[in-house]
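Below, chain A partners chain B and then partners chain C, in two separate complexes.
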Partner chain A sequence: MSSASIEKGIRMIREQIDAPIASFFSSCVHCGMCADACHFYVQTGDPRYTPINKVEPMRRIWEQEYTLWGRIKATLGLSRKVNAQDFEAWEELVYDGCSLCGRCSLVCPVGNDISDMIRKIREGFAVAGHAPEGLVGATRRAVEIGSPMGVRLSALEAQIRHLKHDTGLDAPLDQAGADYLVLLSSMEIMNFPEYLEAIARIMQQAGKTWTISSRAFEATNSGVQIGVSDIAAELVQRVVDAAEELGVKTVISPECGHAYTAIRFEGPNLIGRPYNFRVQHILEVLEEFRQQGLLKTKGKETDRMTFHDPCQLVRKGGVIEAPRNLLGMVTDSFVEMRDHAEMNWCCGGGGGVSANERADELKSKAFNQKKSQLDELGVDTLVTACANCRITLEEGLERNDMDIPVIGLTEMLADHLVEEPGKGGET
Partner chain B sequence: MTADAFLSFARGTGFDWALTIFVFGMLLRLFEVLSLGRKPDLSEGRGSGVQGGLKTIVTRTLPRAAVFAREPVRIINGYVFHIGFLAVLFLYEPHIELFDAKMGLSWPGLPTGIINALGVLTIFSLLLALALRLTSPVLKFLSTGSDYLAWLVTLLPVLTGYLAYNHMLLPYTAMLAVHILSVELLMVVAPFTKLTHMFSFMLARWYQGYRAGHRGVES
Partner chain C sequence: MKDDQTLGERLRESGISRRGFLKFCATTASMMALPPSMVPAIAAALETARRPSVIWLSFQECTGCTESLTRSHAPTVEGLIFDHISLDYHHTLQAASGEAAEEARRIAMEENHGNYLLIVDGSIPQKDGGVYSTIAGITNLAMLEEVAEGAAAIVAIGTCAAYGGLPHANPNPTGAASVSDIISGKPILNVSGCPPIPTVITGVLAHYLTFGTLPELDHLGRPKAFFGNSIHDRCYRRPFYERGQFAETFDDEGARKGWCLFKLGCKGPTTYNACATEKWNQHTSFPIQAGHGCIGCSEPDFWDRGGFYDALSVPTDDAGNILLGAAVAGAAAGAAVGLMNRKKQNTDTRAHEKVTVDDLNGD
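Let's turn to the complex of A and B:
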């Protein structure tokens, strides 16, 4: 890498440092508790994966630039400037070895939000040209095609045709004035079209109108994952433009973890203004329907099942009770994992790790944490609410010869809907 | 220099200098943090950031069960050290008299026998902390010279205080002077090491808690 791009990276990291970040570095006592919270450390035993170590280059930049003592040390030659070798060495820790799951932030005794620091240091690494190829490609496709997986509108239209053909239900495109604008992840369009059908059926039962924007149907945000705020903002803006143009009241983020926090909490800060519509995760919408009596189900699952909490939902998004209440409608044999809700362990594929082919081996090691949780429970079925978790879990289970089907919660609820012909709004 | 002159320096000029460096150093460190500011959060809140921040300042003092189960020794030892150190510092009668003299504030203390025992416990917890730092792969990996320096300047006041109180190693007056100097060393070093966490932890917890409160998530 040229020294110019390294300089850019350092400048970008410097720009990311605000009072919270400075307070975090000022407070770290090197107690090492964050290591024990991290599946990458716990499963590899490699201390380099200690979360706070992943932002060591940022700490040095902070100390040298923003503290008097650090400046004196740097002037006296007592500390070394961050250089190209550091970017080289830390790239793997910053991207492959962190799924931005936020578990470390929750256990830090002094209160450091370490995963947010890693989210921020990525801004510097991306601009310095030190981001993994897989993630760079996904981000490029997101900008150019509108989907990190390169899924085009025609692919979505094909799925909508299948839906009409199989069920007679429609997924209306670009319908102005609908109650809900539904976003999808590419993974759902390509791998889990059951989600689209579930939405169509649930909305029909609830008597709500909904639409999908042909211009902005993708929910995920590669810009957030790779750490390029300009791109992240552009991707958010597409959704905001679509929502405002169609005049919807609520935008629904699909079964995906980071897509939700990206649009719900990072979004307004990325584009620099609040929205004039609401953003809800699909589970929040379903929970609202349940409370309003708009979600009617019949029958219960008999399989012993557990719920894998998507990290971004529980630790960054606050969606904890909804899935449990909803599961209660359709199963009596639900069991919790030992560490669940806000203390849940990541599947290993979050934070862009699953888009980063280079990280495959490390990701499957990290999955062993989830495996041990599942081994302990001995469940027949695993339910989750994130397409990315789902694919990562399916891969991990397959690799470990574990015969546990993984189901999306929305889809499971739709399977239990009481069909009431004639009732509910036409979509 | 006689022991008396030594003590009088430690109590006088030495203390004043150390206190000045401590106070201004810490204020500078806090200013360095706060002056960076932060952008307002434009996302629609689900809860109160202020409540979340205040709550986290308190609740983060206790470990989560899942964390405790993984590192019980390290965590219990952390409590023993912090409680022991703070008790010896703030609840030993002669220390309270000093605070009274300097700031006009006083409060009830603990019997000296208990303080003596707490001092021993604190020293042992620091020794165990060092042993853990030298043996745990993560702690060994993370530790820098500054961590060991912070450990040493924290140990010395407790150790010399114990030796002075029990009239060990040196004549009382000399050991008392050494004790006071070691406290001054701690005060001078603190603003330039991780010991800044004694104040900044509240900011760190506040910032994370504020954000969590705004989002309506646990913290």
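Let's turn to the complex of A and C:
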């Protein structure tokens, strides 16, 4: 197959228009509620960022190709076919101006899943050669190296050696028959290795066996972000193959948002069959441990803290109670943000925006939404459960001279574990 | 309750913020397909509106309509709007009884002659002089004629008042009739449904308080804003219909997967109402979402249209049922267009070549 072209893009968009998409377009009542739900619109005030407008080229293709009135209009020359200029003009809206956070889908009064529509229009933009360079690069590295950040197995092995040296704990590679297969995001391997240590300590206390696959340790899925289902399916397949070969019962998606929806919800659809293992987000696993009494903690944090809900986790996965229950174990000074849980505002860096350097300025504008939420609360510490949110939040706070440390929930919980003597973890 | 308070004052007193109130106004404008520029007009009119007199007559009915309209679990703006009308007479809700109740009705009629809103639920028996239902010794027929005379407008709540409903079902032993069968020369609005959706009645009341008129009606006298679309058009299970995925029984795989209930007798395609968008019990769910087909309760003669579990494609009614026929033909035409579109889409899907990383860079 040759390189990208506009014709391919249009054909791909047509392929994406299924019955739900058609009914979404015919249901839209132009109420504009999605605009007020979008941090990109709210912070820029630019009506082009109205979520449903971001899929306007797709709407025109739907109207002209699949509706009687649209065909008549097109025949009479009353509507213009989608062309190269449209792809040019919409590329920024489709990629830079949407973090696929799904807040618009949630408020839509007629139930249109606008964020899924944007996920689908990206399929067309990607094969039309209109995906941002940063994302194309990340996708290439994910396919060729196995990680969007270019992290190789040797880097992970180095981190495991550090872990052994510092704590005496092991992160077993390729151990068949383990209870859990742990996936990691590149961000965690490179920037937040504390996560790996936390997992090792928690699993030890819970008495569970776990492993990491040397063939598929990466959890993130650039295919989902850039909008190429074929690539997304290939990346999911790697994890599925590894999990089935090792015969694990459960695969744990790490502290990452889109990685969770990719493997948990899109995955079986992408590969066309159900899995024979379970997929859980790490917070769901920890909540299960908590309920079974497998987590023992001591001491409480004294800082006033709040929790940033990762969009994919709360809006797509409904994981709302788990982080709050877990936080309850280690702090009494927890406060909720305005618009928390399923109505939480995105950090601004999801859906591939953080891998797209071009979108930096827009991203930091969108962050002001988060900033205003935090300004109201005046907290000392911000807890979250997504490495991508974490890095975006850290950047945003830094830029705004706000001195609020950002911590991963898993890591904070591990800090409070009651270590039992004789079971490793001696320091 | 101070009678001279405006709605704005009353809402504030009840702890409803201005923001909450404006949200209600915007939702009402949006539901009734009014332009956004009308939101401030609605807000201004409702804020300053004084309580209009409303007389509510319940005839041959089951009180389900009143139950539906008063069943809000928490104080809502809708509920307070409802409180805001001066409900001068309502058998079920008023404290007075007997002679005192009838006296209240007469006073309200005299003091507000030509200006009060008359709300009716229940059908009116006409056979044998209307003896089958009387209140205070007065037949429903006589009471309706008496009260309608001085009303500014009449709202028929529920399918019984609007089209005769259950009492009108074959063989109709009491000669039950709808309000519009009996009264002419007055604006009559039908809010059908068995029972109707609470938001629809508050929407109509908000419209009346704002504009002093009734909203635009369809050919069956229902407000177009709420009855403009069929349940089928707005149903979240519609995609399954388009794909031809139907539940065949109530406990098969299709039923468990939430497929379309058309074959189990769902009357969604021929029923016009707002259930699929407004939903019930504070926007929680509606019958189809609970796994049962629509029985078409907002349509005239829904009891006599064959079994609730007979699929629409099997004609059950007399041959003259144009609406049903048209809907079935429409559904067939829609299915044909759907097939054509699907074919087109399938062609693209078949032509799909696997996308690799090398395909992502432009020429």
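We take it that the second predicted complex is superposed on the first by the 417 of 427 C-alpha atoms of A that agree within 3 Å, B and C clash if a C-alpha of one lies under 4 Å from a C-alpha of the other, contacts with A are read in each partner's own complex, and residues count from 1 in each chain.
The rule we apply is simple: a residue touches a chain if its C-beta (ideal position, glycine included) is under 8 Å from a C-beta of that chain, and two chains touch if they have at least 3 such contacts.
Everything numeric here is computed off the predicted structure, so don't read it as measured data.
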item	value
Fit-or-clash call for chain B and chain C when the two complexes are aligned on chain A	clash
Partner chain(s) touched by A:Gly272 [first = chain B, second = chain C, both, neither]	first
Contacts of A:Cys31 with chain B and chain C, given as first, second, both or neither	both
Which of chain B and chain C A:Tyr66 touches, first, second, both or neither	both
First, second, both or neither for A:Thr139, with chain B first and chain C second	second
Touched partner set for A:Arg14, first chain B, second chain C, both or neither	second
Contacts of A:Ala242 with chain B and chain C, given as first, second, both or neither	neither
Chain B versus chain C as contact partner of A:Val110, first or second or both or neither	both
First (chain B), second (chain C), both or neither touched by A:Ser23	both
More chain A residues in contact - chain B or chain C	B
First (chain B), second (chain C), both or neither touched by A:Val127	second
Offending stretch of chain C which, after superposing on A, collides with chain B (from 7-15, 61-69, 205-213 or 259-267)	205-213
Chain B and chain C contact sites that coincide on chain A, given as residue numbers	17-20, 22-23, 27, 29, 31-32, 66, 68, 109-111
List of chain B residues in touch with chain A within their complex	28-29, 32-39, 41-44, 46-47, 56-57, 60-61, 63-64, 66-67, 70-71, 74-75, 78, 136-144, 147, 191-192, 194, 196-197, 200-201, 203-209, 211, 215-219
Sites on chain C touched by chain A in the complex	30, 33, 36, 234, 236, 238-239, 242-243, 277, 337-338, 341, 344-345, 348-349, 351-363
Contacting residues of chain A [partner chain C, same complex]	1-5, 8, 11-12, 14-15, 17-20, 22-23, 27, 29, 31-32, 65-66, 68, 109-111, 126-131, 136, 139-140, 143-144, 226, 228-231
Interface residues, chain A side, partner chain B - complex	17-24, 26-33, 35-37, 41, 45, 47-48, 50, 52-53, 66-69, 105-113, 116, 264-269, 272-275, 278-279, 314-318, 320, 338-339, 341-343
